[in-house]
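Chains: A, B, C, D and E, in written order; residue numbering restarts at 1 for each.
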């Protein structure tokens, strides 16, 4: 869940840091310094431990620790090789050999080789706390074939494993083998393989990270340094952005055309491509019998879906930033290349707002107001009444749910909004102690991640993605099948079947895709990704490995 | 001395209560931050990973009494663990850094408002019914009832955004490194103006009214009339005879308001992105950073207790009747 | 006293205090209340003059008016207060401040309350000495020590705070402060009400003796007519803001003229045998007088 | 010791009261009363005279059982008052023994009308059963204390003068139906001209209704006016007691003499005889010190006049 | 009653405060009659300026600010009065009982009260509200009520202690009134101004605190109250996008009500202790003095006072 509209909870009508003009920053004004705001924090704490997913600095991944490769979902999962030159599967996709690029050096001048890779994976295995991506569930062994080849073996045929493997940071063995506790190690002076490894300035308020003297891809890199001012909330980001102090950032900005673009239409721009899918969940295992009965009826679910005024959700609750998702499978525009057109033809009507049809559908299926309380009941007379959970403070979602409730109420369904704290919302979704909720799904390199975490029976109770408790043996089989081959056409076909089953059963009710927050400023740099130049996901934040591609494509304006 | 010792004993008890309360507070609430943080991570976290992480951050299960004693020990040794959100930063580091700023805000604004409030309260009472009294007394009451939030927002909007006179975010210009330089100090001061002024306005009315009312109640006292009859100058009678005595009860009130000021400061810091305890606490609350929350509550309680203790000592110092030999 | 201004061409001033037609009003919410109504009396040099009356009759108001200590809503609406021939009501602020205490000092009603609780006795001497005489702290401490001895308190208690003294001692300290500048007039506003009779007697005897020694005049205010008659040379009786009778103490006792004065005497029961008899006699003579009228 | 008669309502023998004050290291015992003995006889007034702090008010508080005495025997009509433990017994006892307080401004509740102050005890003690009766009785009480029965009941305490309030207090004790009244300086805060009226009223109650009084005062003159018997207290001990006239006109104990010498006498002017009593005053501290010592012996001066001797202090 | 009106006329602060508070009360009570729809309905396009249809404009969500204000008034007042009631009841009960009964019980209550006083309020409330989650105005009222009684308890206790030693209480005890009657009939009426001050002060405190909590996003975002109005305005960066009305309306609503209650509070204080009055007579006083001086100056030419009154002078 990378790009929920960032919670704008903190106080300030509009807040700005009074920052000197960027050009005045530091004596090295001849350096190309890129001002980025990838995350919002109240203070910088010097921690460049790449395994510490929660607290490391946003310039650790990719910028210091270059990945082996980058998978680009926007290009249908295309591989951009970085430290690796090639990835080759064996015939049954139970192992893959990574061939490493020659001549790559660590920023301290030491040579990078296959031992570093094996060391890194062993490190993760030895310290479960570091294995936050659960990589050792996907792989069963790492073997150094020679100084430039590493072989990964998988417990089952898994052509998707490299996607996860390349997300594991590779660190320098000669540094890390002396680290006593890699879990609490803060790695204050990092040695990396990435483009920007030198910490030139560090305060709690701002830090500057500059060019790796030994970077293997030095000729492509045009940015000398990135500078990260500490910004605590959306309002501060906006204030800084309005002054043109930020070159590349990703934040929710209200009325962006008015508040940002209008200040300098020539240079201030944004692009919000579709990201993670947002859907309503009805808990098929609800503890309330009346609700459970209705939720398990696909007609009821379809009627609920048709009561969703998706356009208002996008335009009013979401300021028009999200991307409408009327795919009955929930696939969304981001994965359109995977789309099975048949699915939309067959079930598309159920994921479009049509309150009249919804009412008719309910009527047909026998839902009527039996007890005269003004709300429809099950055909057997048991009552339906539920609250839709939405995390408190996530304003755009709260408004979205309110719009949904308006539609449901109009249809005669007794639905309300409930806004527990995010913690309570998360745990309710994980353990299934809720009736209905709004939820967001993973956006992986392929749609497989979303479907697998949501509906594979092995995933039940593990994350909040499996919240609907919908499983299907056929679906399980198809999901397992998807990565058992490296054949793209076969995968496409499997994905088509998966979509069909999901759309037919409508276990979740997709409404829109979250926007990828991305704004940029062309006063000083050019080469930004945008709708006309859609190379990869454009956000600067650390969950997006493609940002390395983005960084490398930027160059100062002459 | 006896009095001071007795108060100290009370503060110990109060602190113990607060600490105990502090222990149970997060334990009554569902979920731990690790689970929450990782349940939305890219992949389901293996159980072993989760357990290992929990152990690292000190979220160990065990009988409640064991946890409690471990906690008490950590409080006594003031070893409050690490922040979850800003690991590996320790709670002490996080608090230490932000406390300085809060102390600066609260201290400066309290001193200013106590000084101005008391003096104008004394003058208002002395010349009761004069223009100062007629205007200031109801005005300060009204100001007192305006929430700190509203005031801070208003100030920020008017003087920061609309007029653009003063900086209204963070404690100093981030381009400067903290140093004992004129530039840095100037930056700190200009950045502090808006938060301090709004805090002063929130507080000043209270001081003004307390001391005014105290002094008015004293005006009929014989020793004040005697002071005047002695031919002493008006200001000498006003301050040495009137104010000295009227101040005594307001010292206690002064300590009481520290809590209110701390609260006001929290909000003001959040509004002005001031890097003090308020900001830290709020962020900790949002991210369920329990160690930091607990540390915050403890340190704020300590602040309250110390303020009260200082007030007690000041009281004994200023009121000879409490001094026992 | 030779350089005192002369009044109306008279060569010397006989009276320390002359009050002429003094009126004091209190401003109420929508009216005025006359607390002192056209009161006139004189106090001669070295004389003890008593002002008797019940609570609210205006006797304390007069005391406050003399050195201009009244605060709003009370104001002096007429009359003159001549202190050594100078009208205190028309004095400018500076002269007034200089006059206070050096010419008129006061002993207040409540023995417990007339000393500032947060200052030492020495400091309360010192600020006054400094203001009027410019004494150094050492000088003032020395003087203060003498004064305390005069009222029978050990000078080494100068560093003590008021709460460390008993009520009687506090009142003596106030008297000592009151005599510090050799004033012409000492105003004593019910100085002994809060004290026990024995202490009261001790203090008043002391005042009586000091007056002989220093020659100041005293304005003595009390509701206790017996006490007043014992101490004072002359007495004025007040009723509801007006002075209804003035005379020598003896005359007030033996030959009261105003009905109110008589009533006051009648409401004091006799304590001793000889008083009982005397009262009996007065009663009879009144009966005779009334009969004759 | 005082002689006993059948008319004795309250009999106090060797009453001792010690208070514990201070905390911790400053814990101290204060001996408020030391072996106090006296009788209250029906229809008579005993004046308890002393300086402030002599313990005279403590006596009243102990008699009303607001506090318990530390030791000694106190009996009401032969019954030990410490034995009244149940609320009912205590109520029975207190119905008979009531107090009039010194401060007329503090003894009436500013929030209630005079009617409330008088009617409440009537109901509480079952003297009346309905409003009409209560009204009539209140009027009667007000007439008895010479207050205007028409306008007074609806007034609030702040609308009355000090003397009027004290009359209401007296009426209240009547409403309860007390046969013993402990009057704690009932006139000391009143204007001189009113004092005698109040005393006259009390006197009338004593004579006409046979009410018994313990009259606590520091004013010798009113004691003489009102009380048949007098007891002089100093620092928790009674040092001299007996017939009022005998004690006042012929004092035996040095402290009594000191006290009496200090009583203002308009006939003895300072300027004429400033030295009057000066000899005694000069010894004041010595006398005080001696009188503070425990009593060792009681001497009888005449049939109804006793005084004490004290431990000799070096 | 007549006295009451006389008092109002004389004390402009009280009457002005009373006017404000009454107006708010009227708005709150008549909310269903002076609004036409649910305040959460989206009735217009987002951020419409104040106009005839939407007198206070609309919010980012297209809700009518006037409707939000009216219903918010009801919520805020209910929360304020509710918490005020809880605070007053707990504070008075503890304070009076501790002050009256004294002894070990008093020591215990005082200890608890003093501890509650030295624990910082707002941070605690923030944490509590966050942990409870989805804190509705009712929940907020209850937690504020349950955590804010200490000041009232302390003041009431000390006042009760003073009363306890008043002679009229002794007299009631001697008259054998039962303790409950002494507390309720004899003591409580004399505490009315303290209780009133506590109540008004608590209302102000609660309304401010509720708005603060909600503003920080710790309340129930669906509740219609001034705090959530501020929170939503904040989230929509209303000031930045020029929708000043969305911020100004709740700000002024809170500030004006606060002012009204404060004036009322001040008035009660002045009535309870007339010495504290800001003495409006000073102007009159100065005028009167001036007149007198003028008159004296005029008459000083004519030799004064032949109209001395009759005084019996001896000798």
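General remarks:
We adopt the following convention: a residue touches a chain if its C-beta (ideal position, glycine included) is under 8 Å from a C-beta of that chain, and two chains touch if they have at least 3 such contacts.
Small disclaimer: the values here were computed from a predicted structure and weren't measured.
The set of chains in contact with chain A as well as chain C comprises B, E.
More contacting C-beta pairs link the chains of B-E than the other of the two pairs B-C and B-E. For the pair chain C and chain E, the distance between C-alpha centroids works out to 47 Å. Taking each chain's centre as the average of its CA atoms, chain A and chain D sit 90 Å apart. Chain A and chain B have Cα centroids separated by 40 Å. Listed for chain D are no residues, as none touches two or more other chains.
Chain B has residues 29, 128-129, 149, 153, 157, 161, 219, 267, 270, 282, 286 in contact with two or more other chains. Shared interface positions of chain E, i.e. residues touching 2 or more other chains, are given as 130-131, 215-216, 218, 239, 247, 279, 281-282, 285. If you check the complex, the residues on chain E that touch chain C are 10, 279, 281-282, 284-285, 288-289, 292, 296, 304-305, 307-309, 311-315. Across the interface of their complex, chain C is touched by residues 128-129, 219, 221-223, 225-233, 236, 240-241, 244-245, 248, 318-321 of chain B. Against chain A, in their complex, chain B makes its touches with residues 29-31, 35-46, 48-49, 51-53, 55-56, 84-89, 94, 97, 149, 152-153, 156-157, 160-161, 167-170, 173-175, 177-178, 191, 267, 270-273, 275, 279-280, 282-283, 286, 288. Residue ranges of chain C in contact with chain B, taken from their complex: 64, 67, 69, 71-72, 97-102, 104-106, 108-110, 113-120, 127-128, 131-132, 161, 163, 174, 177. The touching residues of chain D, when paired with chain C in their complex, are 51-52, 191-197, 199, 218, 220-222, 224-225, 245, 248-249, 258-271, 274, 277-278, 281, 284.
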